[in-house]
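Okay, so chain A shows up in both of these, paired with chain B first and chain C after.
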Partner chain A sequence: MSDAIKFTIDGVEIEAIPGQTIMEAADEAGIYIPRLCAHKDLLPFGSCRVCTVMVNDRPQAACTQPVSPGMSVESETEELRQIRTNLVEMLFVEGNHYCPFCEKSGNCELQALGYRLGMLAPKYPYMFNKHDVDASHPDIYIDHNRCILCARCVRSSKELDGKNVFQFVGRGIHKKVAFNSDTDLAATNVSVTDKAIENCPVGAILKKRTAYAVPIGKRTYDSQPIGSDIEARKAAAK
Partner chain B sequence: MAKPKIATASLAGCFGCHMSLLDIDDRILKLVELVDFDKSPVDDIKKFTGRIAVGLIEGGCCNEENVHNLQYFRENCDILISLGECAIIGGIPAMRNNIPLKECLDEAYLNGPTVYNPSGKIPGDKELPLILDKVYPCSEVVKMDYHLPGCPPPADLIWKALVALLENKPMDLPYEVIKYD
Partner chain C sequence: MGATRKVIIEPVTRVEGHGKVSILLDENGQVTRARLHIVEFRGFERFIQGRPYWEVPVTVQRLCGICPVSHHLAAAKAMDVIVGADKLTPTAEKMRRLMHYGQTYQSHVLHFFHLVSPDLLFGFDADPAIRNIIGVIKKYPELAVQGVMMRKFGQEVIKVTAGKKIHGTGAIPGGINKNLSIAERDFLLKDIDQQIEWSRGALKIAKDYTVEHLEELSDFGAFDSSHLSLIREDGAMDLYDGGIRMIDSEGNKVIDHFNYQNYTDIISEEVKDWSYMKFPFIKEQGTENGWYRVGPLSRINTADFIDTPEAEVARQEFKALTGGKPNNLTMAYHWARMIEVLHAAEKMKELLLDEDLQGEDLVVKGERRSEGVGLIEAPRGTLFHHYKVNEDDQVTMCNLIVSTTSNNVPMNLAVEKVAKKYLSGTEITEGLLNRVEVAIRAYDPCLSCATHALGKMPLTVSVVDHNGQVVDKKST
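Moving on to the complex of A and B:
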């Protein structure tokens, strides 16, 4: 590959294709950079900032920053681990994330990042904001208490489902996911098979009558940290 | 030298965290070599017999008695630990937090489909602890020093935390022992 770009992540030399983001190149090389809003089937978005890395000593979102020749990327440093933990903790206190009774527990990416980062409990005070639940749709329900505003549903509906069912309304602490209808979710053209439903990283958008099907101990992140699938690529290449 | 004392309490919890403490199995024999159990539902000691090294609190605060008990623990314990999700965030009892208290009581004592209550009154005997408007995490009532997550926290997590505290060493936390459910 003559036009390959060479750069380093934590001192390890990586080859990337021009136009790739740092995260795409890292994934291919088997280096996991923590993320929440980024998804392999969606366009880069850069809202959660959990994938923040230092590029030539400046903070950048790995999911949106394209690779360039000779760049020096730092990811697994104590400072960045602390920043990522702080971001995850802020998400935990801003929503109402009660893992013991959440259907997504064990398969939740926010929870899995808490586990991977070694979070025992958020250091910030819980905000206990009031949020609604919309269970109007026969097959889907939305619990805004658990939404982390990653926009995966907004983007999946637009980019993958071709529908535009979800969009944000409000700003700051009042920002929330709204639906393309005058009333509720049931009045939209959303379908239970939409990618927008599947791609929610947390327990905010769930399919009805599918809960607790997998026993504790066999769920996605019970024994394997999030990112293990990406890191396995590195082991396989050796 | 006298052994350090451990005390435990179950506030608005289900005793699952105490069950998990017993799940350390035969290591409990090692634990009683290291510490003395003081005020705790495990041995039914009602009052502190001296200064406590480590207090383990299961459950959040849902009534007046929980608050007084938690404050009593804070005054008497050098280190106070939230044990489990109810102590940390309110847990299952906090499911009522977004419903006004009157609606909760009406449903429980007057309107629920299985309620049999010929008096038609909500219990209000002065011997009953006054229920709070919401269920509060322990850290909103007193200063909590450490938090051990889980529903319940795995026995290995409780064991590792106690040994680390008693031996004054950093805690070694394998992936499997941090769980929030």
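Moving on to the complex of A and C:
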């Protein structure tokens, strides 16, 4: 790779292709940087900030920051772990996330990240905001209580499904995902096979009648923490 | 009622939830009536409205940490009706049954060894500092270890069928989400004979205690009543499914093989202003006479036979005591409970040896319905789950009748009987308090009050005279 860019993550030298983001280069090198809104099939977005790293001592979102020669990236530091944990905790208290009975439990990226970061109980007060559910679609169930506003559905619908089913409305604490219809989800052209449905990291967009089909112990994050698939690349390369 | 004094005992210890007992006295210090106030608000019926039906079996089991499987399975059975699964696959039904027997086993063992055995082993009047599980561990270490290991076995059964020991996800509408692997089967099989042996021992303790103390127990919170339970088509005891049978205190069948999907045709619930718990009753008999008992005692009383050999022998011995008539002794609940422990152990062995548990066909579905009822014989008695679901798959109505609710009148009566016998004057003795709790504990176990389990009895008793004045107050 003649035009490869060399930089370091936590002191380890990484080679990257020009134009790659820090996260893309780290993924290829088998280094996991925590994330929630980022998705490998979607364009960089940079909204959740869970992937915040220090680039030459300045905080940057690893999912949007392109690599440059010689940059020094810090990711696994206690300070960053604390920042990421705080962000995840804020998401937990802003929504109504009842992991004990949520059907996404064990497959939920928010829950898995909480575990990976060593989160115990949130230190912030629960907000108990009131959120709606939309069960109008015959095959899709929407539970805004569990939405973390990562925009994966909004972006997937646009970028991958060629539709425009989901969009944000409102600002601040009133911000929510809305549907492209005058009434409810059933009135949109969404399909249960849409990537927008599949790419939801939490239990906010669900396929109806599939809950708990996978037994405890066989779910995605039951036996290994989130990011293990990425870290396995490093082990495989050795 | 005229002038009365009120004796309040709270909290009731080694009993699930927060209970408070009021004993109402007349001017002469004689007990006129007793009330067990259940002051917890459950709320599940309301807050699952709007939730998708498939979530319910996992959500509602959070009602309880001791017998969550009962709620899990009763809700799943109701949801089977919703998804039109009228007959589950053999693997699904047997996995659920195994889960349920594991649950019954561990719950009964907890009830008997951890919570009740101190009363039986040390006597009702023993020092509370000794009369607790730590006292049992000190004086009868082998027995205490058995109790722990038996409960552990039941929990392991739940883990391999539901996914984890408490609050699993195994039963899903129309079936189950896993079968039993050979490794899981062998893990349990290696201990099952030991479990059966220990069950025999526990049964002997309960039986011997009852027989040896028959004279005292015959007058201890005992009263005639109807008994209700599910019953298998051939009249066998069945803890997982069947029709509703109710017998009167003489053993006459008042209701038999009634399809529980229509339970509202025969059972209604009354609300009283002094308790959050409703009072179910048989419609035809009215609120005054229509109450009934549920639980181990009722199940042994209603069953024509038990389909496992050793438990059946035990049942016959039990029935012989009353000449084949129903046994109405409150304290005989413990003996009946240990017969069920042996039955559950035998059933688990039978199921573990059944190759259907390794089947791959786990879920069935049929024509979607909008309403479903699921009943199961929970450790403490018949449990009713009733749901309505709209076209969008959301729950619109939920009604639960838990076993303690069915036993509401009987528990009040048992307390009243005990109070009448052991209370006179205004002095609240430790012996009285203990006996009130012993009577409640015959029906309802659990251990919300860990403080007492560790030795100290946190009771506050007030004697209130007919003018509403507190004339005596005692805390321990």
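Keep this in mind: the second predicted complex is superposed on the first by the 238 of 238 C-alpha atoms of A that agree within 3 Å, B and C clash if a C-alpha of one lies under 4 Å from a C-alpha of the other, contacts with A are read in each partner's own complex, and residues count from 1 in each chain.
Heads up, the rule we're going with is that a residue touches a chain if its C-beta (ideal position, glycine included) is under 8 Å from a C-beta of that chain, and two chains touch if they have at least 3 such contacts.
Keep in mind that this is a model prediction, so the values were computed, not measured.
**Q** Clash or fit: chain B against chain C, after overlaying the two structures on chain A?
**A** With chain A aligned, chain B runs into chain C, so clash.
**Q** By the touch definition at the top of the document, which applies to A:216: first (chain B), second (chain C), both, or neither?
**A** both
**Q** Given the touch rule stated above, what does A:235 touch, chain B (first), chain C (second), both, or neither?
**A** Touch status of A:235: no partner.
**Q** Looking at the overlay, does A:130 come into contact with chain B only (first), chain C only (second), both, or neither?
**A** first
**Q** On the A-aligned overlay, A:100 touches which partner chain: chain B = first, chain C = second, or both, or neither?
**A** In the superposed model, A:100 contacts both chain B and chain C.
**Q** Between chain B (first) and chain C (second), which does A:208 come into contact with in this model arrangement: first, second, both, or neither?
**A** In the superposition, A:208 touches chain C alone.
**Q** Regarding the shared-chain residue A:173, is it in contact with chain B (first), chain C (second), both, or neither?
**A** Neither chain B nor chain C is touched by A:173.
**Q** Touching A:120, do we find chain B (first), chain C (second), both, or neither?
**A** In the superposed model, A:120 contacts chain B only, not chain C.
**Q** Please identify the positions on chain A that touch both chain B and chain C, taking each partner from its own complex.
**A** The answer is residues 100-101, 216 of chain A.
**Q** Considering only the defined contacts, which chain A positions touch chain B in the complex?
**A** Of all residues in chain A, those touching chain B are 97-102, 105-106, 111, 114-116, 118-121, 125-126, 128, 130, 216, 223, 225.
**Q** Going by the contact rule set out above, which residues of chain B touch chain A in the complex?
**A** Touching chain A: residues 82, 85, 88-92, 94-95, 97-98, 137, 139-140, 146-149, 151, 173, 175-176, 178-181 of chain B.
**Q** Touching chain A in the complex: which residues of chain C?
**A** Result: residues 50-52, 54-55, 58-59, 62, 162-164, 167-170, 172-173, 177-178, 363, 392-394 of chain C touch chain A.
**Q** Quick one: in the complex, what on chain A touches chain C?
**A** Checking each residue of chain A against chain C gives 100-101, 103, 133, 135-136, 141, 208-209, 211-218.
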